[in-house]
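Two complexes, one shared chain (subunit A), two partners (subunit B, subunit C).
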Partner chain A sequence: MKKRTLSLVMAASMLTMCAVPVSAEEAKDPSELIVGELHYSVAEDGGFAQALHTGVVQACENLGIDTSTNLLTMEEISEEDPALIESAVEELVDSGADIIFGCSTGYAGLLAELQEEFPEVVFAQYNNDVYENIVEFQIRGYEGMFQAGYLCALMNEGSNELGFEASMDDASVRTAINSFALGAKYANPDATVQVVWADSWYDLDIEANNAKTLIDSGIKYMGMEASSPAVPQTCEENGAFCVGYNVDMEASAPGAVMTSFVWNWTPIFQDILQQTADGTIDISADYYEGGECSSLAEFNSELVPEDIQEKVLEVRDQIASGEIVVYAGELKDDKGNVLVAEGETMADEDILAQDFFVENVKGGK
Partner chain B sequence: MGLFISILSGAIVYAVSVMYAGIGETFSERAGIMNLGVEGIMLMGAVAGYITAVNTRDLALSFLVVLLTGAVFGLIFAFLTVTLQADQTVCGMAMLTFGTGLSGFLGKDVAGVAANLKFQAFSIPLLGDIPVIGPIFFRQNLLVYAMYVIVPLSLFYIYKTKYGLYLRALGENPAALDSAGMNVFGLRYAYVIFGCTMIAVSGACVTLANTNFWSPGMTAGKGWIAFALVAFSSWNPLKLTFGALLFGFISCLGSNLQIYLPSVPTEIYSAMPYIATIIAFILATGNFRKAHTAQPAALCKPYDRESR
Partner chain C sequence: MKKLRLERKTSGSGFSVFLNSVLFTGVALVVCGFIIAAVGFNPIEVYAKMFRKAFLSARGIRKAIESGLPLMLCGLGVSIAFRMNLNNIGAEGQYAVGAIFGVAYVLYGPNLPGVPGILALACCCFLGGALWALLCAAPRAFWDVDESITTLMLNYVALILLSYLCLGPWKAKGQNMGQTEKIPDAFVIPEIPGLEVSMAFPAVIVIALLLFFFYRYTTSGFQINVIGKSPTAARYAGINIRRNILLVLGLSGGLAGLAGFVQYVAVTGRVQENMPNNAGYTGIVIAYLSRFNPIVVIIVSILFAGLQNSSATVQVMGVPAQIATMMQGAIMVIVIAGDFFQRYKFVAAGKGGKA
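On to the complex of A and B.
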């Protein structure tokens, strides 16, 4: 304990001695930026964290930032451990970080507090628009999931039943399920989506079991909101097909993954980094992007025929142009209540905080 | 019937992945050495096998590396607990954290990398075609089939052979065995190494059979389930089999019931394995059970010739 206190004191004194206050307005070449990132797991987790990490790395590379020297990655920083988060941030600031990316929702509150302590550093956080002193970023995941549902329903010829393996009951997961179901319905008005819950963010056995259960009940095509390749691999073993999630999962199960829903953070991060370098960043900014950020990975041409690929791409373009609005009326929930009236569209806050399941979802909570 | 087959075949896959560790731990504890590091050694086996699979694309070699990894960990653990006579609980926890941390570190390069190399399920000719029984028992992977042989073999070994008698004595009264001229230290070394090797195979079930990827900490508590099953089964491989199947059955039942009994909140299904565990433990270890316990009398007690 003494040692720890001592090192903290030393770190603090070094901080006061060395830290030359750099105003956020001072412009510098982007390649000189020192970038920090905080992850709750290892960065290469094959899932959500990896998607964010890839985004940071690609954005850095696009701006000429040397990731071997100027990208500082802090892994396994638990969201439940404020002391650990704080010391990780202090370490990054000590190392000269100009910007710190918080890559999990749980950091938001603490980073907003730490921003006041280190105003010269830009904090960017994965979150909905809540805080005024940190940059927040989020992707309109529903656009990509809509395309995933649309693809599955098109492939699922001769049947109306699709499956979905879901993790925990959370607004973001409900969004994934609902968007998938709406996409399926857009392709086939009679399509239904049977959800099976893992009730865990990460449990390989249950994920694999759930996929097997769906397959055994006669379902051949499914979507997923789960972090491991357990579902794709179970599909492959049992002759079913799915759309991967978080990162391109084709390599893990080439015989089953038609494409994957991927979070493409690069454009957002590149913009944040560029503005940080220019000194023009507005720290209250909120990014909520769709389009290329919320997309499907390349199609697996062995599994998805060309004409279906084209149809999905067409829908992608129609979403981007506003021709298709995913959450538009008339929209009913699974109990028959009208969520959005004919001719109206759902507000972003409601899309982000979904507490309903759309009509054609079976097995919602 | 489809539902029944689906649940039971899933239960077997689940059960086997904890049974290797469970049987390994049974042998170790029967020899008087309790190994709390099951989870860590499982992870080491899992990652070692997967790294080899990615780099060599040779399944047999990967499996051999799994066995060796288990053996090395067994050797370290045996050295600590048998030779140095260190506290088994503390050493077990050390193996746990060491294995968990080291596996995460070593696996960094293969996390998210696809090996596409695993023990594939295959149908045994004729047997696989039997209605109901076939799809449940005989369309599995090699590690599952091996378990069909390992359970009766270990039962036979423990209860019907001379060496099994020595093993039981080793955990009950090592001094008696020593007086009879047996090498207590050597035997304990052998069983601890064997136990750890089996535990590592449980890890291989996770990365090279049931699923085929690596992610840090992916055994997600299976090692602890295996550890608990050993006591629950009174150190008997047959009872262990039933315990593992019961746990697997209930886990699989949950996902099926979500579809076929949708009115019940899914959290109830998710809680079932744990509720079942508590009930099983009460039944297995409660006071109303017969007075003596099957726990090896010398379990956790280092053997010291001087204090005979």
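On to the complex of A and C.
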């Protein structure tokens, strides 16, 4: 990650040297930055939004930005209401914001339009690389999910069946399922992953019922791409185990959560903020980071034996060093078609736009 | 001590209805003021800033109109049904189906240039909403199936359908969110020159005026009022109730479908996974607050939209987002509760006629 960030920084600064400077503003100390963030829900939602919010807060703190005065958090800004999004951005600009983080995909198009109206403000947006005039950021979530699948398969001694609770059928969710399944397969070539769908981004009852269904069918270890603590709690009540998602979920079910997949946005945001302050930011930049950004939270040592912890950490390091490539050939989908030929790897665009399920996924759509 | 009892007021003038609403909005603001003070802010300062930004600046008013457009059409749609005592809770779903029909027309329909194209698109959206409402109107008209349940339930069906289409076959390429491609420029409703307000706004006002005259001066409009006040009397008068149920719910759904149209062509330019975003439900509240008067619906919708947009203003002062949402809720509840005093009065027992 460090290396990648560094090369990104260098590439970005070279770009800015060649091109006309993007911002004519003079460099300032990062601690003077005024930072705005837009959330579709409350920031402390216990899930995805909270992970982003925590990233912003930690990045600010690391750079000496006083979050009580210089961080302006806008919550419950609906993605479907352009007038509200515009009002929120204008309020932030009026309050002197130097940079605005759009923390939900739905803001992307509008922020790209507003950038033209407010060229002195840097817009950073959670998105794939789509727009040229806003900074976009995304995490290689598949790296962490691969480790989660690997962990579950190692723990699942004597059985090949793992479970997975998924939310909506969407490329990002398929990515989570597939990388979990690939991780499981890496530990145990016969491992299969049974998916159950909530068909909702957030539904306590359905998520709990789905987890129960998996457990009733004899599955003991499961992964999840869901935002509520329903799966961990259902596991705890029924003697099963899982890997939490979005944020560290250990506190909500200490008897079931072995670790959690967490989005660690801090390094990315810190870099964006630093460059904004220096005036070197390239507004067309695209961050797509893995490594420490896409990792597992601390293990629950009560549940995960030391030697297994070490094995998972080893896999983490092997991914970072490039020894393990998650989407490498030969890779087949659940219908037997070859997705990636032997000796080749999948391109980033295809990883981001997954419309397939890998071979050992059961119950895909 | 003298006992009090309630008595129904015979009639209230338009002005007294207005005064009553203003009075209870004031009460709501005072109640919320205490809560704002309790979380450590000066309520006068918060209100002043909200008001200034949302209603006293050209930008604020423009945005309130823009956000208010779908609310107006949902409010108008719901009003017409409520006038006949038909509980159309389904504006949310009719809005969604209107939007779905709109995208279908843009994707698969004939390529008409300019105004005819826009009108054809509008007709499609209207038709979508109307058909969705007729799915509930027919069972109601022929088998007396309660429309408040069926319209409500079909909302979920419509929203899931919309979500499926936006995340599935109609999803814009290269995006990782549930929305369709941007609408071709030919369909976009232009703005009124110099005002930066979409032409859709005067069009909605025309619809409201037409409804106003429809209620007041046409036989059908009169029949709707009679059925609403007393179905038995209407039946004795020989009014065809079945036909009116189909007509009114169809029209009601069609108007909600047009909300999908304006949002699509005048506001977002795309149809999104969760596009109605509760406008259909807010429309019910707006219809109530406006006493089903179409002209008042327009005004109340703009006020409501301004209030919703001001949540950004409040938050930047440090007031939590929840307080802004709570204010919207408090104003709704208190003004509707205040309506009670508009309809009833307290009189001392023994006075004012025989009990």
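Criterion: the second predicted complex is superposed on the first by the 340 of 365 C-alpha atoms of A that agree within 3 Å, B and C clash if a C-alpha of one lies under 4 Å from a C-alpha of the other, contacts with A are read in each partner's own complex, and residues count from 1 in each chain.
Simple rule for what comes next: a residue touches a chain if its C-beta (ideal position, glycine included) is under 8 Å from a C-beta of that chain, and two chains touch if they have at least 3 such contacts.
Keep in mind that what you see is a predicted model, and the values were worked out from it rather than measured.
K.L.:
Let me test your reading of the model: by the given contact rule, A:Gln50 touches which partner, first (subunit B), second (subunit C), both or neither?
P.N.:
Only subunit B; A:Gln50 stays clear of subunit C.
K.L.:
In the superposed arrangement, does A:Gln233 touch subunit B (first), subunit C (second), both or neither?
P.N.:
A:Gln233 contacts subunit B only, not subunit C.
K.L.:
Could you tell me if A:Ala251 is touching subunit B, subunit C, both of them or neither one (first, second, both, neither)?
P.N.:
Only subunit B is touched by A:Ala251; subunit C is not.
K.L.:
Taking the superposition as given, does A:Asp170 touch the first partner, subunit B, the second, subunit C, both, or neither?
P.N.:
A:Asp170 sits against subunit C, while subunit B stays out of touch.
K.L.:
What is the contact status of A:Val42 with respect to subunit B (first) and subunit C (second): first, second, both, or neither?
P.N.:
Touch status of A:Val42: both partners.
K.L.:
So, does A:Ile206 touch the first partner subunit B, the second partner subunit C, both, or neither?
P.N.:
A:Ile206 contacts subunit B only, not subunit C.
K.L.:
Common interface residues of subunit A with subunit B and subunit C?
P.N.:
Overlap of subunit B and subunit C footprints on subunit A: residues 42.
K.L.:
Provide the residue numbers of subunit B that touch subunit A in the complex, in ascending order.
P.N.:
2-3, 5-6, 10, 14, 104, 108, 111-114, 116, 121, 206, 210-213, 215-216, 218, 220, 222, 251-252, 254-256, 258-259, 262, 265-267, 269-270
K.L.:
Show which residues of subunit A lie in contact with subunit B when the two form their complex.
P.N.:
Of all residues in subunit A, those touching subunit B are 41-42, 44-46, 50, 194, 196-197, 199-200, 202-206, 208-210, 212-214, 216-217, 228-230, 233, 237, 247, 251-252, 254, 362-363, 365.
K.L.:
Residue numbers of subunit A touching subunit C in their complex, please.
P.N.:
Subunit A reaches subunit C through residues 42, 72-84, 86-88, 90-92, 94-95, 105-106, 108-109, 127-128, 130, 168-172, 352-353.
K.L.:
Can you tell me which positions in subunit C touch subunit A when the two form their complex?
P.N.:
53, 59, 63-64, 66-67, 167-168, 174-179, 267-268, 270, 272, 274-277, 305, 308-313, 315-316, 320-322, 324-325
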